[in-house]
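Here subunit A shows up in two complexes: once beside subunit B, once beside subunit C.
The block that comes next holds the complex of A and B.
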């Protein structure tokens, strides 16, 4: 090969301290790439560009009004909803169900997850049950919940509760399992009580896993919220979307979907805030 | 207070890791335990502090712990074992909180141990903001806070670079000269052993047995100036260990 014949010469030249200036060249840089740069304004630009293209497509007639209403029309439907005073009624009803269902499901999930993580008996008894029930689509159980908890708020809250409960259990017990054993051993070596070890070492140590479980359970909760509100609900974003769909009022349907997106973004932002606060000790 | 290890043997599954180990850590004495990797040094230390139960034999203490000792047998860990979500002072506070000490006294104990380990300026820092050496100082401060009778040190300097190790070794010697703590000090670093140990217990490869106990009479504070003599001692310990270490290196390990 060619470089095998040239390298010894330059190496010898370097060894005696005389440089061959003619062949002197920089070492090629090859360490670039694979690093993400924060590009703040890109996300809104992409979003606005899609909206603009969509609007132009609708106005020029390229996108048929029957297939997809223009974003301005969907926005108009949203304004109508707000001026008629129904916006808050729908959003308020949804937020209430989401809040109660998700909070209860998460609290129960954390409690059961801690039990599974801490006690062998709970692990042996409950974990197979959790594994068996987690994959069951809670929407399929909705008729059952209606019989058990009534057609009103009960069945809707219960659907969300059950939907958020299982992923929270799994996130929590996995978090407990991942707590550094050496920290627990440290706690024992200093004679800390069992409760202190759980409260001061295990729960904070499992917190990152619990919070990332929240992200998943919150998305599941929104999906289930809409499904539950499609049966026997007078108010709620899901009911609004269902009504719009039945009337083929596509502008209202898009407006409802946009509301759900905003709701999802808000929740994700809130969880991000909580992570920043609770996990500030991480780099 | 004395720590007495009596005929300790231990097995993991089918593998014997420790066999018939007996020695005593006397008041104010640092006993170093050295041995090839996988010889059960850390297991022995866990047994000594009651974190693991020996298969046979017993770890005993004799005599009363010093007045006000909250945790007579106190560990210093290789990986420091600091809670990453607690600041330096709160990490020290952790080990006092279960003893029903009133808040003001707790504050003063924390301030005192942080001052003794030169950490007063770092009280509000999180572990991740500190260098390895500073983290181990925090762990030492935490250990001092419970007024231990005997410190059980599991390779406390092994996770540190060699300059930091020298600095911390000086700190430990200064601390020992002031407080005369007793310690059982596990290490694989023979230099640390001859610098700190009053006695060096040399273990064989698995199953760990006592090969030899080397006594060093030289006062701890003089050792930094008499490195030549220590060098000879260190070589002697190495001669004892060499074959064991070579054999241990070639073993296939199935015990963590």
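The block that comes next holds the complex of A and C.
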């Protein structure tokens, strides 16, 4: 969008005076631009440059070792974790909690979200409840969760479930609300049954919003993982990070945080794949 | 976090020295970290009674929720002195050369009621009536490398079963451990008497033993400061400890030995109430402050044997770097040791 826009400036000035001439002039192409080009190598370069600067800063003593450990130390902690076999125990325990909590939370969230989107009674009854409970910090309820769900897997899964449920409800009903009414009216004109309209028009139409809700709820689930593993967790990435914090072992702390980031990238990639598949009708 | 390198410290120390020579009458300002526990009362008493002012110190208290952030704040230079249990975090920071233990505080002594081992009613009914029966049971701790972790393992060691056979449940905070114990989610815990007392009065929790039977002369908490203070401002550290020692003497006389007059004790409880249990009216807080006070070492005497035993335990569990030595952890030049 750079040079195409500068040409019409002079053309417009001429056009005011000599209209006849202007009609004969070729119209320059004004489209294009505002499109992202894929620049594959940029992201890794930025990432590596930051790591290199950080490493140099740590080695030279510019970054104090009580403020931040060198990335090589954090990597060393990660290697220790992998060679001791604990990495899989921690990752496995966390993935299980994430998977069960997020899946249940999302399924319930979509169900309630659809109900709120489709039925006036559900909307009147449930929406205020969702609004009231969504902002309650789940971490504040941890002592209660211990009593309700125990200190086993129950309270950890429940923390993630509650964390993902509410954003999914909101994303889903907002998606249902935004489905093109003309499409619904068209379906009605063609005599589709209510169920067919929901299945073939409303759910696919709300899918983009639901999937972008998934991106948010999956990130919230990872954030809540650390909170969930505060309660009696022996293994798990969150438990590992908390332990490292309590021992002030900063290399392990950064290693744990890096694991969470990688987990976030993987989930985002998976959701990207799901978007391509489920939203293929949009292209 | 604000990082505090030696170089910047040197600059500040120089600036401080210049300021000192120009304005010699200004009292030194220090920040003292406290937790809302009665064991932190000595510095509060010393401040309220003017013992710090006598030492030409202007004290500001900074409240923390847990020992770990306090240790980090001392390392960063935001807080000058603190008093907490020896935790893995504190030792790691000492290994990095930023903080040092300079004195002893709370200690288990034979004649005063000390920390208790308590179990849930369900566990008690199931036969856990002595600490020996804790084998294969769950034990609540706040975090890995906390004093609770140490106590649990010391019980296992003395009762002769493997440390792994006492199942530790990290629950992060004391209230969470209490909730888990009351509801029977965990079997056992060990805690200072002023928390254990109210718990065992209820029907859900039963006392089964004392920590003093498992750990000799347990130095529960210590006084610590930044290495920069211990090495560069020895005069300041000595003055702080002198003021603190008078506070400790008053605390012991008022709450442990109860050798003061009732009026004086009430006055001291009122001072403590400004910072501890301050969310409750004084008539409710008063018994809680008085109950189960444990002795704090006169003149902040430090039990080196106990500190060494704790350090060895941390090393044996691989919770702290291998290379840490007693010299790195403790500066013995300020108080008497035993």
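The criterion applied here is as follows: the second predicted complex is superposed on the first by the 244 of 283 C-alpha atoms of A that agree within 3 Å, B and C clash if a C-alpha of one lies under 4 Å from a C-alpha of the other, contacts with A are read in each partner's own complex, and residues count from 1 in each chain.
The criterion applied here is as follows: a residue touches a chain if its C-beta (ideal position, glycine included) is under 8 Å from a C-beta of that chain, and two chains touch if they have at least 3 such contacts.
Keep in mind that this is a model prediction, so the values were computed, not measured.
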Clash or fit: subunit B against subunit C, after overlaying the two structures on subunit A? fit
By the touch definition at the top of the document, which applies to A:243: first (subunit B), second (subunit C), both, or neither? second
Just to be sure I read the superposition right, which of the two partners does A:121 touch: subunit B = first, subunit C = second, or both, or neither? neither
According to the stated criteria, A:191 is in contact with first (subunit B), second (subunit C), both, or neither; which is it? first
Taking the superposition as given, does A:281 touch the first partner, subunit B, the second, subunit C, both, or neither? first
Going by the contact rule set out at the top, does A:201 touch subunit B (first), subunit C (second), both, or neither? first
With the two complexes superposed on chain A, say which partner A:183 touches: subunit B (first), subunit C (second), both, or neither. first
Does subunit B (first) or subunit C (second) touch A:65, or do both, or does neither? second
Looking at A:146, would you say it contacts subunit B, subunit C, both, or neither? Reply first, second, both or neither. second
May I ask you to name which of subunit B and subunit C touches more residues of subunit A? C
In the overlay, subunit B and subunit C get no closer at Cα level (Å) than 49
Complex interface listing, subunit C residues touching subunit A: 1, 3-5, 68, 71-72, 75-76, 87-90, 92-93, 96, 98, 143-146, 168-172, 175-176, 179-180, 183, 185-186, 319-320
Subunit C-facing residues of subunit A, complex: 61, 63-67, 142-144, 146-147, 150-151, 230-234, 239, 242-243, 245-249
As the complex stands, subunit A meets subunit B at residues 180, 182-183, 185-193, 196, 200-201, 204, 207, 281-283
Contacting residues of subunit B [partner subunit A, same complex]: 49, 51, 70-71, 73-75, 77, 79, 81, 83-86, 94-95, 97-98, 126, 128, 142, 146
